[in-house]
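Next up: the structures, one after another.
Below, chain A partners chain B and then partners chain C, in two separate complexes.
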Partner chain A sequence: MSATDTPSRPLASLDIKKEVERYALVLGWIFLIAIFGLLLPDTFLTWRTFSSMLGSQAVLVVLALGILIPLTSGDFDLSAASILVFGSMFLAVSNVQWGWPVGLSVVAVVLIGLIAGLVNAFFVLFFRIHSLIVTLGIGTFLNGMTLWISNSRTVSGVSMELVEIVVIQRLFGVPLAFYYGLLVALVMWYMLEFTISGRKLLFVGRGREVARLNGVPVERVRAIAFGISGGLSGLAGVLYAGMTGSADPTSGLQLLLPAFAAAFLGATAIYPGRFNPIGTLVGVYFLITGITGLTMLGADAYVQSLFYGGALVVAVSLSQLVRQRQPQHFA
Partner chain B sequence: MTDPNVVTLANRNPGEAPADVLRMSGVRMKFGPVEVLKDVSLTLRRGEILGLLGQNGSGKSTLIKVLAGFNSPEPGSKVRLWGEELKLPLDPGRIRNMGVAFVHQHLALVPSLSVADNMLVSDDQKVRPWGISWRAERARMKALFQEFGLDIDPMQTVDTLAPVERAYVAIVRAVDELRRSDAGRAGEGILVLDEPTPFLSAEDVDRLFTLLRRIKKTGASVIIVTHDIDEVLSITDRVAVMRDGRLVSMMTTADTTRQEILDTIVGHAVSLYERDRSGSRAEGTAVTIKDLSGGRLEGFDATLRAGEVVGVTGLIGSGFAEVPYLVFGADRGQGSLTVGDKTVDLSRMTPGMACAAKISFMPGDRIHQAGIGTLSVSENATFLALSRLRGLLGLSHGAATRATESLIEEHDVRPPRAGVPLGTLSGGNQQKVLIGKWLAEDPMLLLLDEPTQGVDFGARQKIFEALDGAAARGTAILCASTDYEQLAQICDRVFVFHRGRPVAELSGAALTKDAIARACFHEASDEAETATRKEMTT
Partner chain C sequence: MTTFTSRFALACGLALAPVLAGPAAAQDAMETAQALLEKHRAIPEFEPQGEPFDAQACMEGESVFSIPITMAIPFNVELQRAMARAAEEVGFTYTTWENQGSSDAWIQGVNQAISQGYSLVDVAGGLNPAVLAPQLTEASEAGLKVTTTHLYDETQEQADFVDASGKVPYSTVGEILASWAYVETEGAPNVLIIGSDDVLPTEPFVQSIQDTLSEYCPDCTQKYINVPVNEWATRIQSGTQSALLSDPGINYIIPIYDSMSQFVIPALRIAGATDVGIATFNGTPFVLDMVREGTVQMDVGESLGWAGYAAVDAMMRTICDMEVPESLGIPLLIFDESNIETAGNPADFDSGYGDAHVQGFRALWGLE
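Here is the complex of A and B:
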């Protein structure tokens, strides 16, 4: 037996490497803050900048957390941003034009998101179509619905009650929207790490056949994942409408790729190699910090896409180098 | 050694026939510390059909893979093709160009594409500056099929073909490949078939052999790897028999008998682990399987006592392999299962229900069915036990690690670390973890499919001990395997299957490795004999 005992020294050094990998993105984030802090001590290092960065990204955080669930169970949800936009538009139209109370509109939007997710699940699971195809189709369909119910126009004048509790009310100077995103992330972290359901979700994503042969109802798990993704996209739509008190029929669609970028970036941190909510949260704020700093330095608007795309590829490549270029197994 | 890049057609001596076209000598091959080919020498003559026989694990496939260039043999091994000494390991592309074509068991056809697509996929020789002329290719293929008396439309998709037609397509494709090769232009070549028949009916096998005889007439030589002695008797010119990594005999088919071939295949080997069958077992039936059918299985009844180890075996495709999958509800079938005092209709069984009924199932495909290599040992080992690992605040990671550590110690898993990804462990250690996971559920019935496939010797003994321990605690075990030695070692009783039905039940002193092998091969032989007789009368 003594021959098989692992010497403690290599073990320790291995763990240090692991810890560095886990927190590399967090360190990168702190590094970015330090750089911009040095370059722009008066404008960047202010509470106003930080509270606006934290508050403004809540929509993206919730959307990214939403798609993270089906990503974990091995499916793509490309309809998430479309659900978000349709949800925000439905909220605006039902509240402003049909006169629904805003509370009812909010509940309706989350329900619509949930239903859209279950529709995705139905086509993916019953007809056995790849999730990319189904969610692309359902998403595009919803884009059409959005234009239909809005007559392709921006609808403004959403009840101030909603705007109030999303961006106007602040806690420690940060809009409440940030805390909603944080709360979703924490709940999701608990669900994924400390419940049996979370473990089942992970097994379904990594090995459907293994999960099935371990008694997991694979199809039900995947359906629930789509449902949660849809519901959270609806919630993101509520926040989106609450940010400005209005809904426009297209601009939210641009959040889809950043949401995936954040989810994949997040998978390099905290629990490397695994989609995880805390990593995703760090990913979103890493990206917005870079963009805000560069914008303050006078960069043009296109820098946003340059930074999103560049940072994603560079960060994932670095993480792969640390992992000695082992093939990635997200699903 | 001659330059391997020069094709030495001139070296051949055309006047001398039958000459050796292929000569493999002193081939040794190791997987890690295990020697799987021990000084194998094999020759193939021009225009002959050579049968290569042996039990599972005897080294047939390994030898074929050396020839195909997939395996690198030890230094000192030699391969001479058309009189030319080749550099080892062989270069797969060059071997093909020199005129050796392979048809593997799974045929390597893409079912959703057309016959023509599949035929052209390996054709990278001809320059087609104007793209593929489908009309010309179709006509050429049709002519080629007709040459061998086959009526197959090149535009059909492969999945609409009958199994035997798929085999034809794969074989004709290989012949086509031979003809494009350097040797083929001189009218010869070597066609290697690796177990092409287990999924074919006796009648289809005959039709396939007619095709092979026609191919032989064109001047090609054929090596056919098979389990079926009667196939060998009916088609081959010579028979090579492998056992335990050695080529033990080379016989001329006309001068040998079925019995002689069978004795040579089975040989004699000493079993190291012997289950104590005299020990007192709990009385009473623990598990009853009734009218089980599904897949290739056409009816199986069995009762298992608590603590009894029952094996099911047969040749590949005989239906025994379906048994654990059907019982667990992993595949849908018919029949009923009684465990303890509960009876379940198996047409409605699901793995979830099976787990709840205290049935455990260790599938044969470790990578795709049993464990997840990218997740940690601990995550894999505790997946079924999660409900017992909950604390006040949800799953306790500490408790999971402790549970895994005790599993690691109990089953001697190396390295003894709960946090590493399962995939970094050796096959044997992965198997220990996964079997340990199921045993920790304290099942009433444990189903196993090839529990020691790809598992080294030491781990194998550990797994046997673990199974023995479970049996002693009253678990009934049903094990599907083609490893006769293993079955003889661990089982109290073994059912041998043929064409979907159990045809022999061995137990007590009659349960030996040789007896199982004989039952498998004998029944296959008898059946083929009946089929041949039927054909003669019609």
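Here is the complex of A and C:
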């Protein structure tokens, strides 16, 4: 065959392009750190700043990782933040007002999240309703439950044992909360990349009919994805209560859009075009680095929103350019 | 009176400051600040804000329709309960428009008030009448009186189509918070103020804190960060952390609305700045519980029972075409470790303030 050597050159250039795309967000993150380091050499480039940034985002990381599972299988979970809020409120009410040991409250919250996820799955799969509609409804229902059990009030006084192991205890100067988020991301990365269950999840997301024809139990995989999302949202609720030592009935709902932003931003990195936990982790810390640096520079609140929204759209658009504007299949 | 006296005291201190240079001026500022704090530590006595009148006679056949910004916030629930209690004492029809904070529900509420022939429509607990301008103008043209309750600072002008407003002494609260930070840091405050510019009274409230701090200590550092209400959960913590990282000398934090505190506390823990104090305003029960636990050092509270009665007093005077007081005249009480037990355990919205207002308003309205 006379053409045996010809592909080597384009292949090499393609690989470089792919590698650049994979690590563009990481490079952007390093670039941001360098810029803020130049502008704020005495205050930004300190371990205190980095430990502070790392320690503060665990709730968002776990929530984003939670919604990432159904996103991978082609479903949206809009109830995730509502599960988080209900979970943190249930933890506070059961621990503070009913006198449950905090360990029992934590287990109960994760189980409640899991059950809420399975309820989502039941309505989506049994009645064949789009996940957007079901999770929106279940989320709103849970918001009502939260107001009900809390009497619309913030409940403080959550056991200091939980606060201690979430935000006060440190490893290398970084609150333990960071390591919980990191651990969830690493376990999820391993599951998605190196286990049969993880690959099945990817197949289902890429094409349900093809997966079904290949013998993948599509509905079971989707149900498990909803369950894991609910359980992780419950865990995020535990961390939320552990961060603040309290639970309020509404504010955690604000985390839903940042969580989706982090998941979509993460889909431009490491494994471009695919939701992936390490990319999500990088996405969350890319965004908080920008916000922290801008705040330290004294930027107004609106500048932070400009950065947050702008970074998301620009990163996803650049990624699409590199991929020659191939259609995206998120759901 | 509260505002006038405290401002007068402050003004006296300020007028003297340039004359008594250096340590003497600092001593003077310290005494002024301490005097202001001392004044707001006492359980309040009732001071009538207007002339006595026969409320039952002038409210006969009249009715009030109140639209809170949302009934999903305990603050509004308690305020509405107090207003309903006061109306029941006088014996007129009082209706609360239960809603979850959406503009279509507010509009529907104004339409209900007009169609059912109420005498007065009130927007309460932070609902800005400007967002209902066409509807409230229509109500006014239909002969209803229009009032606001617990929205404007005493220094702010009400909207044109509003007949009367039960204003709140936010500026005085600002002076108290600044004085507290000044005294607690022994005259060397480096303060981070956190506010929400999208809440109407925030501007004069924050301005009052900034002015008072500058006047006590012109060389001291202060920083303000604005976090819109719907971003409290995502931005207060990161904003506080960033401020502490860029200036480790910050020694006091003033989140101007006390529900912000729950997001400030984790920021202090993560940044390892647990010796930084927090002083705030509103007297929300869970924050009062935090004062008891020692995570928040001081919370300026206002009795919502008192506020409800004062609001109804202003409404009745509006309906009866009497002169309406400029302010609700709600007393402000400092809660710190010395008196936090009086706020209840767990704390509630109305304990610790005494009940002088109940007898006081009954006498003012000719019910005794």
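Basically, the second predicted complex is superposed on the first by the 321 of 331 C-alpha atoms of A that agree within 3 Å, B and C clash if a C-alpha of one lies under 4 Å from a C-alpha of the other, contacts with A are read in each partner's own complex, and residues count from 1 in each chain.
In the analysis below, contacts are C-beta pairs under 8 Å (C-beta built on N, C-alpha and C of every residue); 3 or more make two chains touch, one makes a residue touch a chain.
Since we're looking at a predicted model, the values are computed, not measured.
Trainee: After the overlay on chain A, what do you see for chain B versus chain C, clash or fit?
Mentor: Here chain B and chain C can both sit on chain A without a clash.
Trainee: Is A:Val221 in contact with chain B, with chain C, with both, or with neither (first, second, both, neither)?
Mentor: Neither: A:Val221 stays clear of chain B and chain C.
Trainee: According to the stated criteria, A:Leu91 is in contact with first (chain B), second (chain C), both, or neither; which is it?
Mentor: neither
Trainee: Given the touch rule stated above, what does A:Ser156 touch, chain B (first), chain C (second), both, or neither?
Mentor: Once the two structures are laid over each other on A, A:Ser156 reaches chain C alone.
Trainee: With both structures fitted on chain A, tell me whether chain B or chain C touches more of chain A's residues.
Mentor: Ranking chain B and chain C by residues of chain A touched puts C first.
Trainee: For the superposed arrangement, I'd like the angle with vertex at the C-alpha centre of chain A and ends at chain B and chain C, nearest 10 degrees.
Mentor: 130
Trainee: Mind working out whether A:Phe203 is in touch with chain B, chain C, both or neither, as first, second, both or neither?
Mentor: In the superposition, A:Phe203 contacts chain B only.
Trainee: Per the contact definition in the header, classify A:Tyr190: touching chain B only (first), chain C only (second), both, or neither.
Mentor: first
Trainee: Please state the minimum Cα-Cα separation between chain B and chain C in the superposed model, rounded to the nearest whole Å.
Mentor: When the complexes share the chain A frame, the smallest chain B-chain C C-alpha distance is 29 Å.
Trainee: Intersection of chain A residues contacting chain B with those contacting chain C?
Mentor: None.
Trainee: In their shared complex, at which residues does chain C touch chain A?
Mentor: It is residues 71-74, 77, 197, 225-228, 230-235, 237-239, 241-247, 259, 262-263, 265-267, 269-272, 284-287, 289-290, 293, 295, 346 of chain C that touch chain A.
Trainee: Considering the complex alone, what residue numbers of chain B touch chain A?
Mentor: Residues in contact with chain A: 328, 330, 350-352, 354-356, 361, 363, 368-375, 379, 383-384, 386-387, 390, 393-395, 397, 414-417.
Trainee: Over in the complex, which chain A residues touch chain B? Could you list them?
Mentor: That would be residues 4-6, 190, 193-196, 199, 202-203, 206-207, 209-210, 212-217, 273, 329 of chain A.
Trainee: Using the touch rule from the top, collect the residues of chain A that touch chain C in their complex.
Mentor: Interface residues on chain A, with respect to chain C: 40, 43-44, 46, 48-49, 51-53, 55-56, 147, 151-157, 163, 167-168, 175, 243-246, 248-255, 258, 288, 291-292, 295-296, 300-301, 304.
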